[in-house]
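Residue numbering begins at 1 within each chain, and the chains themselves are lettered A, B and C in the order written.
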Amino acid sequence: MNSSSPADADGTSAPPLVAPASVGVSATGICKEFGDHAALTDVTLDVDVGEVVSVIGPSGAGKTTLLRCINMLEIPTSGRVTVGDVVLEAVDGQLQQPRSVLAALRRSAGMVFQSFNLFPHLTVLRNVAMPQERVLGRSREEAEASSLALLERVGLREKAHAYPERCSGGQQQRVAIARALALKPAVMLFDEPTSALDPEVGAEILAIMRELAADGMTMIVATHEMSFAKEASDRIVVMVDGRIIEAGAPAEVIHNPSHERTRRFLRAVLNR
Amino acid sequence: MIAALAVVAPPDVGSFGYIAGQLLDGLVTALKLTGATLLIALPLALLLAILSDSRLAVARWPALVVVELGRGLPLLILLYLMYQGLPQLAVTLSSFTTALIAFSWATAAYATEIVRGSLGAIPRGQFEAARAVGLSSGDVYRFAILPQAGRVALPPLLNLAIQIFQLTSITFVIGLPEIMQHAYLGTTVNFLYMKTFLMAGALYAAIALPGSALVGILDKRLSRHVQTV
Amino acid sequence: MGDELSHILPGLRDTAIITCGAYLIGAVLGAFVAAARRVRRRPVRLLAWSLVELVRAVPVLVWLFLVFYGLPQYGISFSPVVAATLTLGVIASSYLSEIYRGGLAAIGRGQWDASAALGLSRRDTALRVIVPQTLRVSGPAMAGYGIWLLKDSALASTIGVVELTYRASAEAQSTGKGMTVFAIVGVIYLLLGLPLALASRSVDRRMRSRWSMS
């Protein structure tokens, strides 16, 4: 697998993984309730263009819920999400904007899931190409050409005609990343992308993510991988029990946490 | 004098009461047929299940043929086969007995598949653990396997029983005095097709709906402690 | 045997019409019913559920009689073949909707998540992601139900459709050779169901988790 640097064998630069126009993301006052349980309470997060934010915290803290509220896979009970110029607001669990605005938001935000979620009935190539055809309106030739280039970029060109079940977990996740990137999103959301993978395999995924970050993609990453959080992010946000309790530069948060709860979490996570 | 009047005054063949009375008579017959069928078919199914997994081809093939025919042929064909076929072999039986044979065959065939499925659902480890603890072959089945298989097989078998009860409706073609027969004969007199058949349908539903609901509850309770490997 | 065969075989036409017609109706209608049971609005879900339960609680024969003998009282009459096809079609839709629901349940939520996150329209998600996977999972059960429907088509003989069973019974009555005749027609039914049975069993072996009648 070539997690190579942008310059390849013949001296020319490989195209960046990212479309040049990434945007900032703002989540303001997000509250999400499931029945009696408050999964998120008044969460506000602003991410600048090209910034990489890692969201860490214990299981059940609301990291996944927050990401799902940002691309509106869950409609928040209340709150506002802004991706670039697209603004979506929720009141009483109802979206205030029409579906077309929701569609625009979904087009700008790409998501990579913990369980990959590839379409099992389509080949790897079709997994990456089909959404381009249906969402971007590209022709089959265009979509497949672009897909092959992306698959090349994540090192899976030879698996193009294989079905997901014949691919390892790490390979499936790489396809999933290619599939999300194929739609030229302005923002990428990663929901614990390496939690279902062996550490070695996970490292390859993290390497791709670092390249993406270096290319200037705005990224929000929910993760347990402290190395990525520390070394590849611009900012770390700590979530516990549905709230953000701490945020700051990685070095600060990890070595000098101000909140007791953060200290406890880091102790448990870093001293394994 | 009053008795004479009662004889002379005809029953109101269009009234709910009268029709219901007729149909209820049929219900008893239907239930009898269902019960008798189950009594014969279930032990038969156990036997067929064992035979069809036997290593002896002589035991296995006939069992498989019996099961495949019982499951593969329309029940109506099996019924006619007995009713119009046995006389060709100079055997004449009552319509109830004829129906009983056909229904037992079909029910045993379906039940065999359910039993085989339930035995197959027991993880291999159970057999091995029971042997390892020192139980004899017979005891392995009696105390370890059959209780578990029984739990798995019970809901589908009960559902099968409900389906058999509903299928007794087809015995109307051989003149068995069950619900549909009474209903059909009734309509030749009162011409109230919709009303009569609706009542017949309601009678079947009155047993089938609560029956299925109860089986559903039973199923949930039985699978409370099941571990999926 | 050739005589009996030539008297019975013409019944194949109506058996085929009823079985295939009812299956098509059931396959399409069943999809709508399955969808209706997953809708957000409770009244719609309950209505669909109760229709399915009602259809399955009443025997097929009763439904056939209600449609063929009962409806004409209200001015709606069908020929026997049409009545049988429509009735069995509605019944098939109930059973097939349950089969579809089983298939849908086997599809992980992640598939909907990924489709939504990618921005696929609801129509594209349904047609290009969900339906293909549902058909794959439900395939064996759908083939199994095809055989069931073939067997139920025999009941159409009771409302006068001149299909295989009707012809066999008539033949048996006229020749008195019931055993022979029904053995023949039995073989015909088995042969008709063979392709479906083979398809269903081979995939069924791979997915050994359901224990049911078909």
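Operating definition for what follows: a contact is a pair of C-beta atoms (placed from the backbone, for glycine too) under 8 Å apart; a residue touches a chain by one contact, two chains touch by 3 or more.
Source: prediction; values computed, not measured.
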item: Most remote chain, CA-based centroid, reference being chain C; value: A
item: Closest chain to global C-alpha mean, per-chain Cα centroids; value: C
item: Geometric centre distance via CA averages, chain C-chain A, whole Å; value: 45
item: Averaged-CA centre spacing for the pair chain C and chain B, given as whole angstrom; value: 21
item: Whole-Å gap separating chain A and chain B, where each centre is the average of the chain's CA atoms; value: 56
item: Contacting residues of chain B [partner chain C, same complex]; value: 68-69, 72-77, 80-81, 83-89, 110, 113-114, 117-118, 120-121, 152-153, 156, 159-160, 163, 166-167, 169-170, 172-173, 180, 183-184, 187, 193-194, 197-198, 200-201, 204-205, 208-209, 212
item: Of all residues in chain C, those that touch chain A in their complex; value: 108, 110-111, 113-114, 116-121, 124, 128-129, 132-133, 136
item: Chain B contact footprint on chain C (complex, rising order); value: 53-54, 56-63, 65-66, 69-74, 147, 150-155, 157-158, 165, 168-169, 172-173, 176-183, 185-186, 189-190, 193, 197, 208, 211-213
item: Of all residues in chain A, those that touch chain C in their complex; value: 71, 73, 103, 106-107, 109-111, 113, 115-121, 130-131, 134-135, 176, 179-180, 183
